[in-house]
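Each remark here refers to the structure printed beneath this line.
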Amino acid sequence: MAPPERRYLITFGCPDRTGIVARIASFLADAGGWIVEAAYHTDPDTGWFFTRQEVRADSLPFGVEELRERFTAIAAEFGENTSWRITDTGERRRVVILVSKAAHCLYDLLGRVASGELDVDVSAVIGNHAELGGITRAHGIPFHHVPFPAGDAEGKRAAFARVRELVAAHDPHAVVLARFMQVLPPELCAEWAGRALNIHHSFLPSFVGARPYHQAHRRGVKLVGATCHYVTADLDAGPIIEQDVIRVDHGDSIQDIVRKGGDIEKVVLARGLRWHLEDRVLVHGNRTVVF
Amino acid sequence: MAPPERRYLITFGCPDRTGIVARIASFLADAGGWIVEAAYHTDPDTGWFFTRQEVRADSLPFGVEELRERFTAIAAEFGENTSWRITDTGERRRVVILVSKAAHCLYDLLGRVASGELDVDVSAVIGNHAELGGITRAHGIPFHHVPFPAGDAEGKRAAFARVRELVAAHDPHAVVLARFMQVLPPELCAEWAGRALNIHHSFLPSFVGARPYHQAHRRGVKLVGATCHYVTADLDAGPIIEQDVIRVDHGDSIQDIVRKGGDIEKVVLARGLRWHLEDRVLVHGNRTVVF
Amino acid sequence: MAPPERRYLITFGCPDRTGIVARIASFLADAGGWIVEAAYHTDPDTGWFFTRQEVRADSLPFGVEELRERFTAIAAEFGENTSWRITDTGERRRVVILVSKAAHCLYDLLGRVASGELDVDVSAVIGNHAELGGITRAHGIPFHHVPFPAGDAEGKRAAFARVRELVAAHDPHAVVLARFMQVLPPELCAEWAGRALNIHHSFLPSFVGARPYHQAHRRGVKLVGATCHYVTADLDAGPIIEQDVIRVDHGDSIQDIVRKGGDIEKVVLARGLRWHLEDRVLVHGNRTVVF
Amino acid sequence: MAPPERRYLITFGCPDRTGIVARIASFLADAGGWIVEAAYHTDPDTGWFFTRQEVRADSLPFGVEELRERFTAIAAEFGENTSWRITDTGERRRVVILVSKAAHCLYDLLGRVASGELDVDVSAVIGNHAELGGITRAHGIPFHHVPFPAGDAEGKRAAFARVRELVAAHDPHAVVLARFMQVLPPELCAEWAGRALNIHHSFLPSFVGARPYHQAHRRGVKLVGATCHYVTADLDAGPIIEQDVIRVDHGDSIQDIVRKGGDIEKVVLARGLRWHLEDRVLVHGNRTVVF
């Protein structure tokens, strides 16, 4: 497979008004920019306008720094609440993965990376247990075991400080909580805001918190699901990126539900991570636009 | 389409132990009973055994009354907690439908009945608004308008008494709350226990109560759903019969979500009602076995 | 529900090149046009560019005729292969439905229209059998029975001529083959090109032609589906608008498959028809872009 | 997770008649057999009866050999066409996997095995290319590279002979073609009949043969799928075990379709393999019953 051509990804949001599309499109057209993909959305509830554009890097006569500089002037025309970002697909994405003992999401991500389907660098895997060190190292990826002593608040604080340090060393585009079983402290939620993704094994907002499959089994639901969301200080209440479900029935034991749900967790997390890394997810309030 | 052959439907539940299947199967075989469909389940959590059998009526040398009498003796062998029922598909099922203003579930059910897909008698439709009287009568079905005066507790009590009376006159196998917007009082929940089916327009237990699509939109979920459940005194918390979901995205307005969700409500309700009328739904505690 | 605000729908396609979005967006912005929804796509295989824009009618200082006139000049800039259309949602959409004996799709469409979910005029229903006349007339819609004599080629030709005439009298935006069991002659395919929609009861290209559910049952598939497509002279081979599937298993008889599949046919047809009437379906070659 | 308790799996098929369930259930009950799971099906088209029973090994006073011996007498009562099998979950299942270059299905299976979700021995992986040797060996599993010289019929024959020999050495319960790109010769189809499972990357019978995703893209379908089926001498026409689909749209390139479809291939193959190894799949003619 040939490497994908280099692109600049522009995401932009501001209060809606007439002429935004024309302004951005004209700016790009005047510079010779070849738009490969473009999406627009206006939220009628909030009156907020969103767009995402993919431009071929080689169609512009200048580089990403100048593009950002020029775009700063455009963005300023639309008010001080405007939020925008331009990223360069030529810069390789870095990901740090946090795990516990459950293997399925990590295996799945490593498989996608190894086969080239997910074109990122996994900078490190950090586990609060040691079990997943072997497979991580077999993929040539550093594994850090940071134990979280049960019932020891001070020890946990120290462990989180260590995790924070390890993550900071890689400055990743995404911190993936791939069935990491520890609740992040507020200061880490803040530090990783907008780039920490969690996979929760329920169709949120059903079954927040611990052991959602057991909750689902007890309630007798006919579908179980998984939710990929940005981590915020409110447990399992951050902006939802992706969800999916799978059918279960009375014949399914807890173990069956865990297994079936696991298949959904993997794909929901992989989709959410891909979209995040491709700058497809725009957050506004507690909701997402996924282009 | 030829009418389906007449069958006896046997449902049976008791604490699990060795030999139940053999006992029931031998009893039927000894009488020459031709089992057309059979399903078994044991719930490992509760140790409860469930079975449902369809027997060709013409394969037995006696009628349903004698079958029930003989089966009483069998059932007694398995203890006093045994619960069982034998119904005769030769007895036509009767249904009463409760509606408000939303038309889609009623239209869907009437269409299924008119086309012969759902082989039941709709004895009556009762509406707390008059809007759906026209289509009901166009199908040759009696429509009763029972107004529920807003904010008038006494008036509501009287209205429910009237509904109760109307329903009782038909002694239906199912009372279908097809987007009926009134919360049933506990005594009606008790009187209709096990035969009142509600369609709730969310994937329960998410979004209990009023305006679930608005709740879903606000939370930014990526799927909306519907749940068909037995009505109990706990609002939207009865045993779940069937659920399904449909994908929504940031581009969907509340109206879009209502429309998309409506398509799911219709099929979930129709499936749940069919299974209920075919004695496929066995309730144990707050969960269902759907054979 | 308040009536939706009036909008102009612009669909446009031409060979891709730099600056198309800017040109169209600037044209609209210069006229004060408020774009409510916008979608773009470029097909890398054919190099074809597609867009669809919804503009609030009251945001433009001129009417639809002048909009078309002005847009003609814009479109001309992009070459002679450009294809475009501007429609006015203020003009009510007209639909003619062709049926045979199967009732479920017709019931579903009539229910959607009656409840206001599908905001169109059903100008007429034409049946090659008389069975569905009753329900049609109960909705206040004219029903025409045009018998198709089996095995009589001349009689069929005359019947198709009659259908053609009836349809022409209404000049509908869509001719819906809602399980109409007659194969259209090539001249009707040509006359109704781009506005005749069929619902085929299989997941095409599987099971083209007659009795697809029987074919599916014989092959032992684990899902059955339905396909809404534009009618062309090649049987069941026209551009696909929408498809969906539902799970079946070994326990499902042909009758069960017909029933389960029917639920999919209804929603697939309703979605396809809605998208067609909202000018969301752009055809290029034998494929569709659905915005 | 505690190891699952040891069970005997009984699968049985014969022409339907009264009393089969009673005979088998009584036989088991008389021996004290505790039936943990039981399923029955009669195919009305062929008049064939199917059952599968799971019995706790420790509930019987004799071992699997004597169970088979005693059951032989029971089975004989139902005629010479009866087919049955009793397997012991205490005997660990062995699997050989055939691969080419595509990694996703192999990664997925190895991950499931490594995490204990799929409790089998992968005896060997055989590749007609060498690429997947590394990951295989990292899991401690032997990898055999058997090159298939393109356009050299004699060389291919020799390669297949080598594969046959390698497989035979392990006498596996399943030979899994996990995107193996070579068409098996008829004699291998015969030798592996009933235990060679293929994953085909389309919703069969659509898009038989080479490059199904390219075929799907060209046809403009709105869903792509995958099919797990038993391999027979008719290419992609063997009995279907499991299928599933995923939505695609006009924005998806071939690469996107390959990626989305890959997620479906993995789960469909994993489900089919699990069901096969648990003796849940009963083949009759070209169709399967999946209990």
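Going by the order they are written in, the chains are A, B, C and D; count residues from 1 in each one.
Note that in this section a residue touches a chain if its C-beta (ideal position, glycine included) is under 8 Å from a C-beta of that chain, and two chains touch if they have at least 3 such contacts.
What you see is a predicted model; the values in this text were computed from it and never measured.
Visitor: Select the interface copy of A-C from among B-D, B-C or A-D: the correct pair shares over half of its contact pairs, counted by residue number.
Guide: B-D
Visitor: Counting C-beta pairs in contact, does B-D beat A-B or the other way around?
Guide: A-B
Visitor: Go ahead and note the Å separation of the Cα centroids belonging to subunit B and subunit D.
Guide: Spacing between the chain centres: roughly 37 Å.
Visitor: Distance between subunit A and subunit B based on Cα centroids, please, to the nearest Å.
Guide: The separation of the two C-alpha centroids amounts to 41 Å.
Visitor: Residues of subunit C that contact two or more other chains, please.
Guide: Touching at least two other chains: 37, 251.
Visitor: Quick check: in the complex, which residue numbers of subunit A touch subunit D?
Guide: Listed in rising order, the residues of subunit A that touch subunit D are 1, 37, 102-104, 107-108, 110-112, 114-115, 117, 135, 138, 251, 255, 259, 262-263, 267, 270.
Visitor: What part of subunit C is in contact with subunit D in the complex they form?
Guide: Per the touch definition, subunit C meets subunit D at residues 41, 43-44, 203-207, 219-223, 225, 239-245, 249-251, 253, 286-290.
Visitor: Can you tell me which positions in subunit A touch subunit C when the two form their complex?
Guide: Residues 18-19, 21-23, 25-26, 28-30, 32-40, 42, 59 of subunit A touch subunit C in their complex.
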